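What follows is a structure written as structure tokens; I'll ask about it next.
Per-chain residue numbering starts at 1, and chain names A, B, C and D are given in the order in which the chains are listed.
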Amino acid sequence: MMEPSSVSFSDILQYIIMGVQSGCIYALVAMGFNMIYNATGIINFAQGEFVVLGGLLMVSLTMTLNLPIPLSFAATTLAVTAAGVAMERFTINPVKNPTVLRLIIITIAVSIIVKGAAMGIWGKNSYFMRHFSGSEPLDFLGASLLPQTLWIVGTLVLIVAAYIYFFNHTMTGKCMRACAINRDAARLSGINDRRMVMLSFALSAGIGAIAGIIITPIIQMDYARGALLGIKGFGAAVLGGLGNSMGAIIAGILLGVLEAASAGLISSHYMDAIALFILLLVLFVRPSGIFGSSAAMRLKEF
Amino acid sequence: MTDNPTRSFIVLDRLRKEFGGVVAVNDLSLNFAKGQISALIGPNGAGKTTVFNLITGFLPPTSGSITLNGVNLSGKKPHRIASMGVGRTFQNVQVFPAMTVLENVMVGRHLRSRCGMAVSCLLPQALRPEEKRIREASMVWLEAVGLKDQADRTAGSLPLGSQRMLEIARAMALEPSVLFLDEPASGLNARETAGMGDLIVKIKAMGITIILVEHDMELVMDISDNVAVVNFGSLIAEGTPKDIQANPDVINAYLGA
Amino acid sequence: MKIRHVLTAMVAASALCLTSAAAVMAAEELHVGCILSITGKASWLGEPERNTVEMIAKQVNAAGGINGKKLVLHIEDDQGDNTQAVNAANKLIKKDKVCAIIGPSTSGTSMAIVPVVQAAKIPMISCAGAAVIVEPVAERKWVFKSPQKDSDCVKRIYDHLKTKKITQIGIITSTSGFGAAGRDQLKKIAAEYKMDIVADETYDPAATDMTAQLLKIKAAGAKALVNWSIEPAQSIVPQNMKQLKLAMPLYQSHGFGNLKYAAAAGDAAEGIIFPAGRLLAVDTVAANHPQKKVLAGYRDSYEKAFPKDKVSTFGGHAYDALWILVNAMKKAGNDPAKIRDEIEKTKFVGTAGVFKFSAADHCGLDKTAFELLTVKNGKFVVLK
Amino acid sequence: MNMKDYIGIGVLALIVAVMPFAVGNDYYLGVLVFTALNCLTCIGLCLLLGYAGQISLGHSAFVAIGAYASALLTTKLGWNPWAAMGAGIVISLVTAVLVGIPTLKLKGHYLAMATLGFASIVHVVLVAAVDITGGPSGVSGIPRLELFGLALDTDTRIFYFCWALVLVALYFAVNLIHSRVGRGLQAIHGSEDAASSLGVNITVDKIRIFALSAVFASVSGSLYSHYVLYIDPGPFDVMHSVLLITMVAVGGIHSIWGAVTGAVLLSLLPEGLSFLSEGLAQFNIQYKTDYDTLIYGAILLSIMLFLPEGLFDGIRRSFSFFSKTNTETERGQ
């Protein structure tokens, strides 16, 4: 009667679904890293906190205030975007000629503040949130698929489409790209680079918030989740080549799937270590990422 | 020419460096003579600083070799090359801004002193004599460049001219046999440039070989014994300052052919 | 520049404040320490416990205190963190000079402070489930506990599995103190009940997804699953089971005894079976049952004092612990050694069962203290 | 030159000597023991961060290695605590070298993230390797240290022992800073290119100072184990690394005294805040320990924005207690 404990096709598919689900989130966090990095050369250590803020605010709006999901979605994204702008205005903008070390510590300080504020407001509990369109699983080639997973993948696709449109077909987007390539030259051709920096924080925070909103029904959000989400997102960003957002998306999903596979094949306890280990490996062996060119890396100064 | 031992103190043999697809140094073969001031000139982006970085170990060459006194330098780390008696300064001046002027020069004595981490922590008394020697030797060089009375200022607070002097004093504290100066007069005014020229000549008089990258042609022609002109990573002319000034290729390169 | 000076002065001033001395204690007060997980992963245990001890202290003091002396509680929040619990125990013993300690809330935090109270010779009544907290008694002279033992809980679950003729089971346990102790008991007692544990999976208390473990349990051919944890993570197991359409019966431990855990799992919680004290099903307890009065009394006073909250077994454990201590202190005053001796002689009808402490038993309850409950329409009811 | 530093160490030694008499309560002595442990780690971290200019968000891992080596070797294998501490030092040293070789090639943000990743991995392993580390249940029953037959079993004894180690560590650090090796490190901070052009082996020197600071952290972790007698992964998460960096940065990264100032102030801060909360409670204002994190962040951010050279520098400027030296006042561009 007893089945042999072997891994079936549907199980493998199940792991891939799990991986893609979290991979989409890593990809979004990585895009957030890239935006600020391209505009300023800064790695924002508070990136993961945007995700947490998004998730927790969404929980409060939908679960506590019982607002409809679309309204809460918009309000949360706006609020976190505003937080991103505030971060830039009050902590990055006032610092003239900062050292890299000082910038790192400043963004770390912001992350501690956000984490502390989140703990003060929401406490240490994990928050459950209802799925956007029910939690009844769908059948997908023998594996089960949550409607929320479709929401997550769909959101990522939409954001990527918006991203491509913004950076290729709008003036502001083109200006941001110009700043990323050569800030001095961009400034000389009349682009307000300060404004671009602020915009990059706004967009980055907004994308982080969306990531938090769509994942919370599945992972339950708590105040302390930012650091790990941030570092895994950074892993995706580096894997895809820092500054290269399309690379980050592929890398993010790859990282998610590798992580899920390791949970299935090795142990779910070491799952978090796997992603970090890949991050270190990439940093040591090929810091330009799997898609980045090493020559371009050398030109960037840190 | 190559069989002359003094002429072949430093030998670059088909030295090549590529960045991605860009060739910065193109199979350059060049000799520098011992005890002379040799200048390396060329338009911006000609690959002069890259040559310096290749010789002093900051960049690995794509191919070709570099020898100093017959010893192969290519592939060695900068600190190993420094220990072989090669000193250098930097185009964008790189003093240690947070340290005092004296401490900057004392770092130059790094290779001329021995004490390790354990002894430093545990037995500071044992190091007093060595520390004293380091300090004295460093003061000699500060005096030589005219910064003795600035010894306790932080290096970052010095004006650029003094920082360039300090860089040279620091490199000289290494007691090198050859000194590479990367645009020592850049950013200096006429008076400071003249002082720099005097200093370089004084160093040569101590028997030290000097290789110079410089845009100030007056200074180059004034003090150099030999001038090499490179463009697009290739040698286009070599000779005494007088020869070079008359060379049509050089004039072409500078005016843009 | 100015901001620098102000900032510097502020920090310097606050540094000075730190060195000022501690408060003086009055002689007519009896100081009892409570270490509870009021915030953090185990806050669904610690919160009702904190509410309960504060409520009882008010009642005791309103009735004239203990032999006329005021009961003063020093409540520390260990945040569910073992190290914080150790620090809190040291603080209570060294700074607040308490004569006894109620709590901690979880097995992990309790195990962490056992050496501290043993060394300081201060009696402690833990509110946590693992039997190892009080066993072996020879090494736990100063340690008591008020909840039922996890070993008895395992026996009740295995009894029920036997009646269902299920012998191939999977177990999934949290790696925290309660989960790890439960895992040991599940494996130890399995042989006695001829249970075949075909899958033995664990999860981190902070984990958010157990799909991987559940897929392995499914592949191993388990016919029922026992999920053992005290943290909110335990609610993810039924959710993931529903997502994977795993239809095997799910058993939980007595660590499931707060309705919030069932609410967190949503409709996936329906049909979960778990042993628990009778507190959660007061209305179904026979009127002549010895516990009936205590259970109804506690439930009513708790839900009156905290109208937003529902009664939970965990608050009940704090109720039992503090009353056992107060009764002992009525005879022993504030002498820790005498209090300990009194607790060891205690017979007490509480929310978790009828306690009979002895030199050989620092828990005082057996498996009859448990009732099998199940989740029906989002409520806890006695399993028929 | 380093006379001023020696005087500083002497003054600190005097304060340490009288402290147990000034502090009547064992609990507060215990707080000061934790303060000493943080000082120890921060002194090493300051050598790495402030002098050699290399950021590490991974030092919680070395504290953890020391703590777990001491805890596991004594409880599971019955080792002598000193031997276990020694083993912790060796393991930390080897780990630091192995991790340092690839990691310290990275700069700035990359280095920060890589060390953060390393610390996270160590934490994940501590939680996950239940069979070895006990997982979240931790390790209890760790024995106390004994010194020449004298058990370090009272808070006063442990207080003296830990602070004595801090003084020794300070002495080492001060000597190192003013030596050839120390100058080499500061040169690396100033310009890696210039330093290596003068013969400083930047790769090896960075690894060596990383290893030395790891040893300090490891000793601090071992002492923690033998003082608290119970450990679990909780205190050794990456937040602890961040807290250590906060201490060094708040005090001032460019001076070893800054690191000590920061470690002392931030270690005492929770106690200060609990006093504050008792005060506020009288006005019916609820202060929860949950807000501590927020206050840490706010302090760190204010310091970074308004006093980037740290509090020690600020205090010195305000009180002119230590007369200025050019060396340290204008550090850091």
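Structural remarks
Here, contacts are C-beta pairs under 8 Å (C-beta built on N, C-alpha and C of every residue); 3 or more make two chains touch, one makes a residue touch a chain.
Since this is a predicted model, take the numbers as computed values, not measurements.
Relative to the whole-protein C-alpha centroid, the nearest chain centroid is that of D.
Farthest from chain A, judged by the mean position of CA atoms in each chain, is B. Mean C-alpha positions place chain B and chain D at a centre distance of 41 Å. A separation of 31 Å divides the Cα centre of chain A from that of chain D. Separating the centre of chain A from that of chain B, both taken as means of CA atoms, is a distance of 47 Å. If you average the Cα atoms of chain B and of chain C, the two centres end up 73 Å apart.
Multi-chain contact residues, meaning those touching two or more other chains, occur in chain D at positions 127-128, 130, 290, 332-333. Of all residues in chain C, those that touch two or more other chains are 39, 175, 202, 204. Chain contacts: chain B has no residue touching two or more partner chains. Looking at the complex, you find that chain C touches chain D at residues 3-5, 7-9, 11-12, 14-15, 17-22, 39, 77, 81-84, 86-87, 90-91, 94-95, 108, 111-116, 175-177, 180, 202, 204-205.
Taken in their complex, chain B has these residues touching chain D: 56-58, 77-79, 82-83, 87-88, 90, 94-100, 103, 106-111, 113-117, 120-122, 124, 127, 130-131, 134, 152-154, 156-157, 167, 170-171, 173-174. Contacts from chain D toward chain A in the complex involve residues 49, 53, 55, 102-103, 105-110, 112-114, 116-118, 120-121, 124-125, 127-128, 130, 238-239, 242, 245-246, 249, 253, 288, 290-298, 300-301, 304-305, 308, 332-333. In the complex of the two chains, the chain A residues touching chain C come out as 1-3, 5-8, 11, 14-15, 18, 123-126, 128, 135, 137, 144, 146, 218-220, 260, 263-264, 268-269, 271. Here chain D touches chain B in the complex through residues 2, 172-173, 175-176, 178-184, 186-187, 189-191, 193-203, 208, 212, 254, 326-327, 330-333, going by the rule given at the top.
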